[in-house]
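I have a structure here, written as structure tokens, and I will follow up with some questions on it.
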Amino acid sequence: MKLVSAVIKPFKLDEVRGALQSLGIQGLTVTEVKGYGRQKGHTEFYRGNEYAVTFLPKAKIEVVVDEDRVNTVISAIQERANTGQIGDGKIFVCPIDEVVRIRTGETGRDAL
Amino acid sequence: MKLVSAVIKPFKLDEVRGALQSLGIQGLTVTEVKGYGRQKGHTEFYRGNEYAVTFLPKAKIEVVVDEDRVNTVISAIQERANTGQIGDGKIFVCPIDEVVRIRTGETGRDAL
Amino acid sequence: MKLVSAVIKPFKLDEVRGALQSLGIQGLTVTEVKGYGRQKGHTEFYRGNEYAVTFLPKAKIEVVVDEDRVNTVISAIQERANTGQIGDGKIFVCPIDEVVRIRTGETGRDAL
Amino acid sequence: MRHLGKLAGLGGAVGVIALTLSAPALAEEAAELTATSSESAYILNSLLFLISGMVVMFMAAGFCMLESGLVRSRNAATICLKNIALYSIAGLMYWLVGYNLMYGGNTPYFGSFTFWTHSDVDISGGYTSGSDWYFQMVFCATAASIVSGTLAERIKLWPFLIFVAYLTGIIYPIQGSWEWGGGWLDAEWAFSDFAGSTLVHSTGGWAALVGAIVLGARTGKYGPNGEVNVMPGSSLPLATLGTFILWLGWFGFNGGSQLALGTAGDADAVSRIFINTNVAAAAGVVSAMLLTQILYRKVDLTMALNGAIAGLVSITAEPLTPAIPEAILIGAVGGLLVVIFVPLLDKMRIDDVVGAISAHLVAGIWGTMIVPFTNGDASYVGQAVGVAAVGVFVSVASLIGWLLLKFTIGIRVTPEQELEGLDKTELGLEAYPEFSR
Amino acid sequence: MRHLGKLAGLGGAVGVIALTLSAPALAEEAAELTATSSESAYILNSLLFLISGMVVMFMAAGFCMLESGLVRSRNAATICLKNIALYSIAGLMYWLVGYNLMYGGNTPYFGSFTFWTHSDVDISGGYTSGSDWYFQMVFCATAASIVSGTLAERIKLWPFLIFVAYLTGIIYPIQGSWEWGGGWLDAEWAFSDFAGSTLVHSTGGWAALVGAIVLGARTGKYGPNGEVNVMPGSSLPLATLGTFILWLGWFGFNGGSQLALGTAGDADAVSRIFINTNVAAAAGVVSAMLLTQILYRKVDLTMALNGAIAGLVSITAEPLTPAIPEAILIGAVGGLLVVIFVPLLDKMRIDDVVGAISAHLVAGIWGTMIVPFTNGDASYVGQAVGVAAVGVFVSVASLIGWLLLKFTIGIRVTPEQELEGLDKTELGLEAYPEFSR
Amino acid sequence: MRHLGKLAGLGGAVGVIALTLSAPALAEEAAELTATSSESAYILNSLLFLISGMVVMFMAAGFCMLESGLVRSRNAATICLKNIALYSIAGLMYWLVGYNLMYGGNTPYFGSFTFWTHSDVDISGGYTSGSDWYFQMVFCATAASIVSGTLAERIKLWPFLIFVAYLTGIIYPIQGSWEWGGGWLDAEWAFSDFAGSTLVHSTGGWAALVGAIVLGARTGKYGPNGEVNVMPGSSLPLATLGTFILWLGWFGFNGGSQLALGTAGDADAVSRIFINTNVAAAAGVVSAMLLTQILYRKVDLTMALNGAIAGLVSITAEPLTPAIPEAILIGAVGGLLVVIFVPLLDKMRIDDVVGAISAHLVAGIWGTMIVPFTNGDASYVGQAVGVAAVGVFVSVASLIGWLLLKFTIGIRVTPEQELEGLDKTELGLEAYPEFSR
């Protein structure tokens, strides 16, 4: 199994969730994060002082899926989160050794 | 070493932390997240309009442990976070290549 | 590729980001988390009742880098986040199978 | 005992009266001494204006808190700025042109285009000219406050403020002159609007309604298949505080509209107004709570808040003549109206962020139309003429204003700016930089 | 110079007096002209009620902010709703039955079960009947406000509001009739409670105390081994704002309780009351700060806020007769009491979310019992009888009410609902949807 | 019609005048009856103090909200505590020594070191002694409020409060005695400061400025290469609320400083003051908005708020004599000054968390110096002497105080405590435990 993490623009969250849902993904977890990247925050003035906004708000989606669905999931996210603008974000995939559903104790595939 | 991540119901946090502590776990990290899963948020009314609460608040616990303790940790979490109700959450285990304690530079087991 | 995650003291965030930036790191993602560890929160009084502060605010930095830069990145973080005081935090390294840049669809090294 | 005079105390009203009346030499010829002197009446009348004006001024803070609690955090600083700016602009415009256009009295349709100046002290005038101006000015500002809430989260700052200047300098005074300025509505139709259900609240409401239509709904508010997406307010405690402040201010709004405190009869009238104002608001809260409980099985706090305001607006057209149960009824209907109209407007895809159209315009019409029920001097026809005349005039004048702005400098931020929030894109800062998401 | 008259200014008090007195023809026979006319006194008395009533009304907002700042965010919207609803219900019930039950004066034990109506203007009555009703009504609402804070975070909405109706329509008026209504406490015991340390604050406090016992503590508040789990308030700035609003309102609460402003003596009395009210609150803040610093090595803001309120409640029973240092002493003891009693109640596992029992009931008893120290007309025995009689009656009557509610519709949400927060489960919304966790 | 008397209504000012004048037997000899009696004037003067004092008292809440909105959340509870504590201490110190040191009148340089007591009722005194004390006290508290904002986020609690006691008990009263106490500035220089641009606002500003210099900037505020690091305020809606409360309070601040309401002329003067106060604030908002728009292409809400305050401070030295356009001009310049001085102070590495030095000191000097422009009784030289004398005295006296504190108990928390926030380290709690980061 794999964990697909995607850092995306926050306002794309609902769209991406909808797309994953229609792929049959049953669950995912979202975290609010701040991103630093090529997309530079602008400089602003506050009380007459210029300052750079270095961190931009992003949403991190984490979804654990079976190996064979990784690519579909990646494509779905990439398609929906894409605005063509810098700062659209990244998708990372990392291996997962085990999954457990707390309620039932089921493991592996069944736990998803 | 392994990273055990558990997405649980927020009000179970203190109980789970206590259980891990009594297993001798010295540290862990908690993030507030929002979960989408089988447990459906209800529909609500706000100013006369119905809306579905899709994301529910969850707490994510991350704890890095030695391989040989993974199972004990999983059982402890599963036991304590379990309410028997849908939405109790999941546990994911993923491999960790290296751990460093920032203060001392210790690595591996000693860093935990 | 590897994901380097570091749980650090929040006020060290800007310094660490600066150090990584000067290493040529182009992006990273930050999450606000709460840490439980050897650094014990003090006990406080609130309305005449003593209570223990168990969780302390921390910042988690996540940065995905090429294998060959992992050590430089770890050293940079360790150097800058270090105050010599208990609670400085940990660095974890975990494997990453794949990276995708959402905007362009680039993968691997190019996506970073 | 806490009631029937304090005969043994440090002195008190009843004691003094006794004393005065028992002074033998003056007993008969000084009977008139029991009346208030004209100078005292002049002072007391002015004082009523000043104190009432102060709490009505504070309603600007109430609107600001209500609105900043009901918008999303990303637009909260912008709505704060709009509120303090609109109060400022209203105060300046009403001096520059508004007051004399309203009360200058040249024609039955509008006054004169001149700026206002103090008059000299003239006790026979009843009150200081300045206290009157101040009191009238805060009413004008109230009308503008109503607009900002409806159009929040998507309108550009400066075009909005230009509209405010137009509303407070031109639209509001002209329609106000018809009735309060002694113009045609007053003279020909005996239209009756004691404290401004129509002249203030509906005026603000019409301007807001037309603005909402021209401006369009917030991006994402209405889905393609008729879905209404909920965008919950960021801080209901602040919204509640705002409502309490408005409630407080309304005692000045309605009470001060008695315009005099120089006689026992005026004092009694102001007291009646206070009570009717309070019970109407209370009834609006209770009726809105009950109706949301029945309709949705839960009580919606934001509707209860809107219910209070709708109750207040409903009683504003006539807070003096209703007996208490009548005032309760009038306010309760206001509370029901708001619960019905808020989702109705959403069905019509008119996006009113804070419910101001329902609470101020709908309840304002209701309050105005029900005046003849308790006040024999008003007629249903006269009231309808007033409501319609003000509605048509304010709508058309607002429409012209909004369209002119729309097709010149534009009134709406881009969808991207909307998504990011006006605080960042219009002001370059955040209302809650450490908390908001 | 800013003080001794403005002889050269635009006119001023001293100047006018000089002028009046120097008018030769009237100098002697018009000596009476220097006194206030009875109509002016009537207006001024009524005005005192109206202005005081307005700021006391605003105390409802103060309680709302204090309480919404001291509950956890998941219950903040619910406490806001309770506060605006209770103020509304109190205002309606006090009209429907409360006022006449309190002041209807049929028996020494209660008045009449009738709804209240305005009386005609009668200058010899001292003030308009409506201004009096309004002023009395906001006091009744205050008693109810006290209860909501103590029982927050676990009581169901509607049962709470039913209790409020009972408290404001029946309990409060009956015990109020004993003293302020001229009943047995007033007639037989010369009980003295100027502005309501016992009649308002302790009454609210007793109802809250009994409610807290019947309802039980919040889930998880007290551990099995006597631990007290801390549940910090969600917004201390809002709690501070609430306290400031209460402090402001208290000038009306105590000052208006002079009941008259028609003579120089009354004006002087009101001034004395304002000052004593202020220094007592200030002393309560300082003493609470010092005691928390000594006990815990840190100053607890929430205790300083409670200290202010306790100081205010302490001086409420007699804000007129104490010299300033006496008022400081009375307030300071109030501040100490709150620091001692808040943890003491926790030891007794009585869960008072905002400290209202300590600040209103304990300090209310203290304030009432210390009246004879500065007011020779009161006796310690009489005061004790009053405190006890009100305490027993309100406790028993509240107990009956709470138990009836408990065993019929139930008064408590489920532990699951408590954990999720009443905002979601009772109202279906969130106070801070974008921030809270 | 809402304006020209209510001849047919329930009674009203004009009606009464007619009635009085037409009473034949009294028509001539009772001409004086149209004037206010001396007792009524006494009551009305006192009432002006009491009402004005109440809203000025509420300014303490305004400062508290403004400051808690402009600090970071980690210091918000501490600033709340400081604000309620300083208001408390000011009230006690001003009784203990302040008032008599200011108005005791022994010498041209200071009054007497005695505590204040009420005087008996004396109608020829013009007002109750207590109403005067109360009004003066809240002014003293205002001066202290100004200091807390500037020094926020790094000063220790108790040393700050000791300074407040010194400021309100010694520094403020001594300089106040020179002018308002009838001392040398008043007698020799005809210095004119109607409501305290210099005596209250600049005094607070100087104490804050010297404190900021002695204390140093917040850790991390200024980088080694001249960078200014921005530390955004945690809640701009609360800051906006605070500004509205201050604006409201200012009507009492300036209006009450007329010191009398007993004649028609006074009522007129108070009305003029209200209007000038309002337009000056409005102009300050608008000018600050325009200037930030021009300089930074965006409007800075926090500057608009500071602009309102600067406009208010500017008009405070002379709110009576300016014609409305003059008042607008005076306020507008105040708004510009604040936009210029806030970054200027940052360049000078003087760290003023809320902009109080710019809004209160700079605008206070401007307002004081411009008095002769509209008030012929004042001279530019006299004004300059007053500004300088107060500036030198307050600065030196403050410097001594700050240095004494610094070298004894210390005034500054450690950098670690600063980073963690004063709420946790000084109070052991959090302002927003569920939200803040």
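To keep things simple, chains are lettered A, B, C, D, E and F as they appear, and every chain counts its residues starting from 1.
Here is the rule we use: a residue touches a chain if its C-beta (ideal position, glycine included) is under 8 Å from a C-beta of that chain, and two chains touch if they have at least 3 such contacts.
Fair warning: this is a prediction, and the values are worked out from it, not measured in the lab.
Chains that touch both chain A and chain C: B, F. Counting C-beta pairs in contact, the pair that comes out ahead of the other among D-F and A-D is D-F.
Computed centre separation for the pair chain D/chain E is 29 angstrom, with centres defined by C-alpha atoms.
Centre-to-centre spacing of chain C and chain E amounts to 52 Å, using the average Cα coordinate of each chain.
Remark: chain B and chain C have CA centroids separated by 18 Å (rounded to whole angstrom).
In chain A, the residues touching two or more other chains are 31-32, 44-46, 94-95. Residue positions 33, 35-37, 40, 44, 47, 51, 232, 235, 241, 262-266, 268, 296, 298, 300, 302, 428-429, 432, 435, 437 of chain E are each in touch with at least two other chains. Taken pair by pair, the chains that touch are A-B, A-C, A-D, A-F, B-C, B-D, B-E, C-E, C-F, D-E, D-F, E-F. Within the complex formed with chain A, the residues of chain F that make contact are 228-230, 232, 292, 295-296, 298, 300, 302-303, 339, 342-343, 346, 355. Residues 1-6, 9-17, 19-21, 23, 25-26, 30, 33-37, 40, 44, 47, 51, 55, 72-73, 232-237, 240-241, 243-245, 247-248, 251-252, 255, 261-268, 270-272, 274-275, 278-279, 281-283, 285-286, 289, 296, 298-302, 304-305, 308, 323-324, 328, 432, 435-437 of chain E are the ones touching chain F in the complex. Within the complex formed with chain C, the residues of chain A that make contact are 2, 6-8, 31-38, 54-55, 58, 60, 70, 74, 77-78, 81-95. Within the complex, the chain F residues that touch chain E are 29, 32-33, 35-43, 45-47, 49-51, 53-54, 57-58, 60-61, 64-65, 68-69, 76-78, 80-81, 83-85, 87-89, 91-92, 95, 103, 115-118, 121, 123-134, 137, 157, 179-182, 186, 235, 238, 241, 257-260, 262-266, 268-269, 320, 426-435. Residues 10-11, 32, 44-46, 57 of chain C are the ones touching chain F in the complex.
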